[in-house]
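In what follows, subunit A forms one complex with subunit B and a second complex with subunit C.
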Partner chain A sequence: MLELYRHELFGSFYSWRGAAWIIGASLIFSLVSYLLLTDKELSLLDQGEMLFNLAEVIVALGIIMSAANASSTISSEIESGTFESLLLVPISHKQIALQKLYSIITIWIFLYIVSIPYLIVVASGTTLALAAIVYTGVYGTLLITGISLISIAISAKLKSSKNSIMTILMIVLILLAPSIFFASSLKKTNFGTILESINPMSHAVNSLDSVLVDTEQSIFQQIDHIWPIVAFTLICLLIFLVYTRRFEIKGSE
Partner chain B sequence: MNDNTNSWCFGKIQDNSISTLELTKVYGNFRAVDSLTIDIRSGDIVGFLGPNGAGKTTTIRMLCGLISPSKGNAMIAGLDVVKDNLEIRKIVGLLPESSGFYSWMNAEEYLLHFASLYKIESHIAESRTAALLKKVGLANKSFAPISYYSRGMKQRLALARTLINNPRIIFLDEPTLGLDPKGQQDIQEILLELNKSKNVTIFLSSHAISEVSSLCNKIAIVNRGKLIANGTIEELRKLSGDSNDLVYITVFNSQNTIYALSKLPADIVIRYKVNDTDRKFKTFVVDPKHGDISLNEIMKSFDKVGLQICEIRRVNIGLEEIFFKLTEKRRSKANYNINQQDDLPFGMEKQ
Partner chain C sequence: MLKVDGIDKFNDETQSLTTLITIVVCVLLILTIPLVIQKYNDCLQVLNNSKDLLYLFPQLAKGQNTSHLPILLKPIPQRLPTSLSQITGNNYIKLDISSPREIHGIAGQFIKIKGFITNNDPKHPFLGGIAYISLVDNNLKVPVDLEDWSAEKGLYIPSVNITQPIPLEWTVRLVKAGSYSVDILFNKEGSYHMPPIASSRILMEVSPKLNLNPGNVLPVAFGVPAVLIGLLGVLNYIRGKKTGVYS
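What follows is the complex of A and B.
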């Protein structure tokens, strides 16, 4: 049933080059944690803020890795000529796309598991560790599932790895823009408010801030942030279902 | 012959047969396949010929369920290509024109991977993989990464993958493209053996006319998406015209050669010119419009217009000739190229 999933996952871990991402991710987490705990200026931050920064890095890294992986998952098969043989096996096209999605989410889960010790270390001495682990996991999984779903749909539609990676990175950048580029004054304008209210990434960032910095850890206090993220994931699922219903190859593809 | 509309029994043919009815694929304004109707019996080896862009690959993809027809329908072993898409994929094998591979795998892993996708039990998959690797001549290289394989080795591996699910119907799109003569022969032998031992229906799209004429018992010719002929080579020969022979004539070259050719009687048609290594001579392929015209009459006609013949011979019209005749394409035989400097148009017929 999950033969393709196993194949995809095995391909991601096959050689040291394939698994380099997990080493890279560990190095990034180590560096960020080390800086947060030892750097003179960063160590002055409230511990909740340190955790918030680390959680942001974990989710952002997961999103970028999943987006890059998912946006080439179909198109790279088309480009390398393996897709035609794959479509010939008696597995529905939706199953092919879904099994590819499962492998991408599994990689996020690996990344998330690797990040847990770092969250625990940075949260040591506070009661924030569990909240940081749970909320990072929930928001990361929802956002990464959504981004991966839409990335696979784009990959299937554009059939070009270069174009689909560029498109999805642009989408990710637009989603991250309010959190990264918008000054506080811009966020307070009508435009900024509307953009923040519909942007799932902004909701995730604001919620993590609320949970870890303001210690509003109850799910009821975060429900206003959670439902837009769930809605985003569902919209992405809908797009995914439309574009992966049937793959067709044309001409010399 | 191309009389399928009369013998059509759509949906009733079983076993390993292929039937299409008005099968059409349209991309925008372009009709890649146009109302293709064909019946292929179980156990036939069918050569599917046509110039580039004739719709061969699109037809194969529709028959394998890879793309949906815009109009019409097709049945594979009694299964509808649209409704029974998944079932069809279990019983067909396709060797595409260019196969891609997971280069980080070796041949054994690659075949086992596909066996698992076809849900073949692992012990059967292992024995079948070993047998196929032996059959295609890769048994002693099965543990080398595919990235180290040559084009020919990859094509052999692709054939093994095509056969991993024991297909009842095999579609091959240019199977011997880029293979050395030994590789071509090996693949042909494997296909013939499968056809004889398991009554596998083979649908072979190829530009290698010699391969088609040696392997296939039926030939279908498509041009611009339309089926223009279909039948045995004898049937196609009759369909292509009333002549069974072509005459090769070599004349001494002179400044007036082309002009003199234009003065030949209407029942002698210059089909094309053959490149001569020696500029002193010019060789033409003459297609007598009436099959019973004798060499003597041709020689007299040439003599009358002042062309001095140094060699004349009659040859049987082959599949290549039939193909060119039926597709009305400019001749470009492998061994004989049109000399463009001579401005002698193909099929220069005098009215």
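What follows is the complex of A and C.
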């Protein structure tokens, strides 16, 4: 039933080359948390801010990895000529896309599990560890699911890995732009406020800030940030369902 | 056959290009929505401001009550004090430090700077003003930007008619190692032409923070990648054994 899912997942873990990403990700987390706690100037940050920075890195890394992975998932099969044989497997087209999606979400879950010890160690001595773990998990999973859904749809539609990776990276950069590139003064302008209000990534970042820096940990205090992210994921699901209803490959018409 | 393949390929590429252009156009459209809303808000604000000014200018011309107006729109004579002695007479206000005169701490630590302000002359009501701290780096001989050091920049003291001391307190984070002097300053409201009232100074010695393994980060930072490498190595070995690579 989930043969394709198992096959996709083994590809990401069963060889050194396939699993290099998880070691790379853990080294990034190690470096970030070690610098946050020991660097002469970074270590003077409030512990909540340190946690917030680490949570941002975890979610952003998860999004970029999932986007790169998902945006080539269908197009690479088409380009390498293996998609025709995949379509011969007696499962629906939607099932193929869904199983590929499950494998990408599972990879994020592995990445998230690897990040938990770092969140705990950076939160040591505070009561923020549980909130950091829960909110990073919730926002990471929702955003990564949304991005993966839209990436698979674009990959199926464009049928070219190069084009779909470029398009998805562009979308990811636009989503991350207000949090990464905008100065705080620009964020406070009407343009910045409106852009942040429609951007799910900004909602996740602002909510993490509110939970970890301002210690507003109740779900009711974060509901204004949660629903736009859920809405984004649902819109992505809709696009995914439309574009993966039936795959078209070369010469099928 | 080749021709048909060529047409298919051309159709595919055209379709891909169309989808790509559609996505780019959609993204650009989404990005323009906030701009349009901002422009609309700006226009509304400009219209409202013009209405306010049109309403206020006749009032100013007729000499009506303008106490509710912004300071820049008030008639100029009202902003100036009636006599110079009223502005400079601040000898009755005193600033004292209640914190130790020398503070020793480690970078990263939080300390409190405490003091109090007293109005010694009950005949002169306390007009209100802003009390703030000043931090000077003794080694570099420069004032320090308080941005990272203290969230509370200034304390507003309202107009009160008492002679009892009013306590002042600032929480300061020791950001950088070094030798600093701290003092409290007070700017009386409305007295734009006189120097601030200053307290005596506090000497603050900040020693560096030595972080080698805070919160046991070292075992995690080195341990997690090591465990992962080990696990993947074992998986790879089992797989190699099965396929005969390590036999």
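In this text, the second predicted complex is superposed on the first by the 251 of 253 C-alpha atoms of A that agree within 3 Å, B and C clash if a C-alpha of one lies under 4 Å from a C-alpha of the other, contacts with A are read in each partner's own complex, and residues count from 1 in each chain.
The rule is simple: contacts are C-beta pairs under 8 Å (C-beta built on N, C-alpha and C of every residue); 3 or more make two chains touch, one makes a residue touch a chain.
Note that this is a predicted model, so its numbers are computed, not measured.
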Superposed model, subunit A: greater residue contact from subunit B or subunit C: C
First, second, both or neither for A:80, with subunit B first and subunit C second: first
Partner chain in contact with A:7 - subunit B first, subunit C second, else both or neither: first
Which superposed partner A:246 touches (first subunit B, second subunit C, both, neither): first
First, second, both or neither for A:89, with subunit B first and subunit C second: first
Subunit B and subunit C contact sites that coincide on subunit A, given as residue numbers: 14-15, 250-251
Of all residues in subunit B, those that touch subunit A in their complex: 27, 57, 61, 64, 66-68, 86-87, 89-90, 92-94, 96, 98-102, 104, 113-114, 116-119, 158, 161
Residues on subunit A engaged by subunit C in the complex (per definition of touch): 13-16, 19, 22-23, 26-27, 29-31, 33-34, 37-38, 40, 43-44, 114, 117-118, 120-122, 124-125, 154, 157-160, 163, 167, 170-171, 174, 189-191, 194-195, 198, 250-251, 253
In the complex with subunit B, residue positions of subunit A that touch it: 3-4, 7, 11, 14-15, 18, 77, 80-92, 246, 248-251
In the complex, subunit C residues that touch subunit A: 4-5, 8-9, 11-12, 15-16, 19-20, 23-24, 27, 30-31, 33-35, 37-38, 41-42, 107-108, 148, 173, 175, 208-209, 211-212, 214-218, 220-225, 228-229, 232, 235-236, 239
